[in-house]
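What follows is a set of structures to go through.
In what follows, chain A forms one complex with chain B and a second complex with chain C.
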Partner chain A sequence: MAGSALRRLMAEYRQLTLNPPEGIVAGPISEDNFFEWEALIAGPEGTCFEGGVFPAKLVFPPDYPLSPPKMKFTCEMFHPNIFADGRVCISILHAPGDDPMGYELSAERWSPVQSVEKILLSVVSMLAEPNDESGANVDAAIMWRDNREEFNKIARRIVRKTLGLPS
Partner chain B sequence: MDQTEETDAVNRDELIMQQQRQIEKEISDTIPLVSEEQPVDSLNNEYMGDDVYGSKVRDLAAKYRAIRRTRPDGNCFFRAFAYSYLEYLAGHKEDYDAFKELALKSKDKLVALGFPQFTLEDFHDTFMEVIEHVSPGENDKQELHKLFNAQGYSDYVVVYLRLITSGQVQEGADFYQNFIDGNCTIQEFRHQEVEPMYKESDHIHIIALCSALNVGVRVEYMDRGEGGQVKAHDFPEGTDPKVYLLYRPGHYDILYPN
Partner chain C sequence: MRSLGLSALSLALTAVVIGNAFYQKKQFYPSVVYITKSNPSMAVIYIQFFVIVLMLGKLLRKIFLGTLRPAEFEHLMERFWYALTETCLAFTVFRDDFNPRFVALFTVLLFLKSFHWLAEERVDYMERSPVIGWLFHVRVASLLSVLGLLDYLMIVHAYESVALKGPTVQLVFGFEYAILITMVANTTVKYVLHAAELRADSPWENKAVFLLYTELVIGLIRVILYVLFVIIMAKIYALPMFVFRPMFFTMRNFKKALNDVIMSRRAIRNMNTLYPDATPEELAMSDNICIICREDMVSNSKKLPCGHIFHTTCLRSWFQRQQTCPTCRLNILRTPTNVTSSPPPPRPEGVNAPNINPNAGIQVPLPGFNMNNNNNNNNINIGQENPFTNLFAQNFGQAQAGATGANAGGNGTAGQVPPHVPPFVLPPFPFMAPYAIPPPPMPPNLNTLTDEELRALEGNERRHVEERLKLLQNVQLLLDAANSLMNQYSLVTARLPPIPAAATSSTVVPPSTAVSGAASTSSSTPTANSVSPEPSTSQAAFDPAAAKSATPKKDIITPVKSAQIDTNKPQSTLPEIEKDVRIEDLGSEEHADTVKHSQHNSTPTPSTSRQTSEVDPDDTELSEIRRRRLQKFQQQNDSVKTTTNE
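Now for the complex of A and B:
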């Protein structure tokens, strides 16, 4: 089983290297282990995360792509759909039925024809448009809704931090 | 909810999911993906002293010579169907050739219906490889059984049949919409109930797969209902079945007629 997962991950890596989507770099941390990837995601333009480069780690299960990977930002993050420990909480990372956040029926779910690229593109959209209905970070969700100015300020500080600039 | 409660809630979800995985692992450690043929009356072991099921097992045993069990992992319909149909095709060259042609063309059809070519190809390639391995000229009768108990091949065949089923539901959206309950669109149904692994199948999956592949399936229903006999249902109605399955609430196994 891990054989087909490895074959698929190698193909996805090749694809992402040949045709990288804008603002996304991703690949295995070490060529010895294709089941752990690092991704760098550029904050989408025109949003409070613009200019930042956010590192994240993806861990793939042995039965990938039947089951989805897990994804976790490794930098400080403050966002309604990212847990305090960095774990990303969006519907595409969950199969239907595996539903910790009670996603809407229409939300895009994991299925074997999804891909790393689709996940990362969803994460970029999530950065641009947080979903405050399924709050992984309740404080961030409330601030996003009620005090956008303060939220933007924190986001800009995190952006500077990812670039190694003094806040 | 403060931070501690939030963390607790997350941990609880993690624990539930862990337990779920543990149960799944116990099932997969003890039950093969597809078993060897067993006598039909071996079903009695599960229904000791149960008159309703006892009489239905007798009825079933009069019509079928053997049963082949599949692992109850939510994929049982697709796995049982694929195994049984490929086994039939291995003995029928003309049907095999027609099916291979249909399978070959199915990729372009699914891409045209909007599936991403890149990820689809992976499953299609494996599907074709399996079909190739069980061609009527193949001498090793155990090949099919080996492939279907190798998770990598077996699960990929299931995925591809799910995609074909999903494509069929999409193509016949006007028809299939009638069978889907009101607050779920065709797209939602395909993405939530058909394409993901481990999701159980319903009549709509069976009808869609049978029509997409042009194969008749007979399902023998065995439940607690009255009458003392199993009830046969053919999909699509009036066709000559090539695949025989036993349905007990929540699960499909393969049957071999006398």
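Now for the complex of A and C:
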């Protein structure tokens, strides 16, 4: 019998495939390694990211679900809560006790009750409502707050780019 | 392709060098002497030597490992460069011994090291892949035995050399191979454990503990080796700078392993002493999926003071990291397991430990009487035995007041109490003595809060939070009181002549369900709605609110309890229950299904069959799912494209 982390990831994968949430597709990149997933997230409707399909990569630790996975967008992103290299900075991906920004509530942090699905849904809502207190991308945070027009413009350019359209 | 070209080039160069030598000297020995004397020729020969080593490495990799995964290659390269710089540092210490043989020995060492790392990566990979074939086992087993054998031979050789010629550079090699052999041992143990788990039919619970202790023992051996080596080297040569980096990492790993073992032991001890096993009745409830591993709980499960149930082993590994409930984040270290004194007693049956029940005589086991009663009786006994007796007594007094208040309120609640429950009687039990104590304050009536009081509850400043906490403490007190009241009821009913089981169970609705529901809604604190949803919601819903509605509610909320809140009068003298009650602790949502009819116990859990199929998916099914996933993405992508083009 496989290890507990692998069994849980297989269970989550099965669950995600049987009842896929709206606008989210996720699963292992290769069937012989369940600890690296690819995810495709559709930009939430009614936001500047609407219409985009954003690819991301999730890497799970060997002790999953005791520790959270790491998530990284593999396309260009411009968002207050996403680092320039694509890493996602939201509280659900941080274990209590490690708080890079020092503002997150422990109740929102990682715990085994969370899952890949919840992470991805949190990312969708993060796309819809950026948290400009987090300093993952300071430029994006400032632009989101002070110059929404410009921010939307960049977001739409990224959306077109993820679709392979000329910008 | 590029490496092939380079090897061809080096082969051609070597051929030219050797051909040139033969052309000039015509004979074997003079040619050899000619080559060794000429620096350019020697350089070419050295390069050829490295190329041969590389090709041999590729061949061995093909045999023992097959194709490397990108991550494996990346890690190999990273470690290789570190090892190379350390080797160069080592050269500085042994400047005098520097000769071709020395370089060759270091090359062989680096070469073998690389295979040790790869073997380690491979064995770690076993845990990640559902498809481990026989070829994998053959490869890993043979690789590990070959590496172990080579390490052993090298150690013996180094030992003999040092014993014969005194301390030379062989000391370093002996030490390096000793470290490598600990690595082989560690990897072998891991491999055996992983393989045993793969072969087992059921989850192997103690594997994590075995791994932990292996890590500790190997770590200790390595630390001792490093310290010995540094001391010996410092005495004979100079401080060996080149081992400082690996030594630092080894010591850090050892410290971590030690810490892990200590935490694990503590977790196991807590598990065995503090938390009760979940009873079969609790496990038979509808949501018996352990949220840590997402598998059914059949046995070996523990219940935390907050009422959440998990596999013993899952909980143990979680407690190694954090001492909180995974579901509601209740800090279990701050929470006494005794429910009577714990700040959030959402489930009154939190204590189910018959062994700490000195007054077993009070428990009246009645057929058809559900377990809530037993547990509540336990609570009473504990309450009497421990220093919280006083508080308990106050709660009890309050319970009485609450009950009379409800009746006096004349809001019809008395009529709705099932008729076989007698009106409030004072059972002549010894623990009812503290009744004489004046009732403690009542939480304020939430409907009649003045604007000022409401304002005091809003905002984020300290006094606002204090106000909210005060209100929550009141609610908490009320809860305890209601709990005690229910104990009385149950005791009273226990003394009655036997009545039909179904009727009994409907009367003993635990008060906490109604009141805690009121508590979580009345306290509109910002954290209250961010509490993690319970296990059942994980698959169905993301939104905690939706999750709540999705949870099957099958309780019968007796109006008595909700009426109690309305009849409460605000007072100010509060007994201090616990200062640091966390808001999210109190707001934690609960299953309302604490009342469970005994006939439900035999109901098979619906998810069992699904679960077993999840654990072991066959390959065709997997690829089918992947195909579907890609298809779905394609569709999504296409539809999005068309909409954006418009």
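Following the convention adopted for this analysis, the second predicted complex is superposed on the first by the 163 of 167 C-alpha atoms of A that agree within 3 Å, B and C clash if a C-alpha of one lies under 4 Å from a C-alpha of the other, contacts with A are read in each partner's own complex, and residues count from 1 in each chain.
Everything below uses one rule, namely that a residue touches a chain if its C-beta (ideal position, glycine included) is under 8 Å from a C-beta of that chain, and two chains touch if they have at least 3 such contacts.
This structure is a prediction, so every number in the text was calculated from the model and none was measured.
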**Prompt:** Does the chain A-based superposition show chain B and chain C clashing or fitting?
**Reply:** clash
**Request:** Would you mind checking which one, chain B or chain C, touches more residues on chain A?
**Result:** C
**Asked** Given the touch rule stated above, what does A:Ile154 touch, chain B (first), chain C (second), both, or neither?
**Response** neither
**Request:** Applying the touch criterion given at the start, work out whether A:Gly51 contacts chain B, chain C, both or neither, answering first, second, both or neither.
**Result:** second
**Request:** Look at A:Gln15 in the shared chain and tell me whether it touches chain B only, chain C only, both, or neither; answer first, second, both or neither.
**Result:** both
**Message:** For A:Leu165 in the superposed arrangement: first (chain B), second (chain C), both or neither?
**Reply:** second
**Prompt:** Which of the two partners, first being chain B and second being chain C, lies in contact with A:Gln114: first, second, both, or neither?
**Reply:** both
**Request:** Determine, under the contact definition given at the top, whether A:Gly27 touches first (chain B), second (chain C), both, or neither.
**Result:** second
**Prompt:** In the superposed arrangement, which partner chain does A:Phe83 touch: chain B (first), chain C (second), both, or neither?
**Reply:** first
**Message:** I'd like to know which partner A:Val138 touches here: chain B for first, chain C for second, both or neither.
**Reply:** first
**Message:** Which segment, 8-16, 440-448 or 530-538, is the chain C region that clashes with chain B in the superposed model?
**Reply:** 530-538
**Where chain A meets both chain C and chain B, residue numbers** = 1, 3-4, 7-8, 11, 15, 63, 65-67, 95-97, 105-106, 108, 111-115, 118
**Item:** chain B to chain A touching residues, read off their complex
**Value:** 1, 3, 6-7, 10, 13, 17, 115-116, 118-120, 122-123, 126, 151-152, 155-156, 159, 163, 183-185, 187-188, 191-193, 195-199
**Asked** What residues on chain A touch chain B, complex-wise?
**Response** 1, 3-4, 7-8, 11, 15, 63, 65-67, 83-84, 95-98, 100, 105-106, 108-115, 118, 138-139
**Request:** Within their complex, state which residues of chain C touch chain A.
**Result:** 69, 124-125, 127-131, 194, 197-198, 200-204, 207, 291-295, 314, 317-318, 321-322, 324, 326-327, 329, 527, 530-535, 538-540, 542, 584, 611, 614-615, 617, 619, 622-623, 625-626, 628-629, 632-633, 636-637, 640-641, 643-645
**chain A residues touching chain C - in the complex, by the definition given at the top** = 1-8, 10-15, 17, 19-21, 23, 25-28, 31-35, 40, 42, 51-53, 62-63, 65-67, 95-97, 105-108, 111-115, 117-118, 121, 159-160, 163, 165
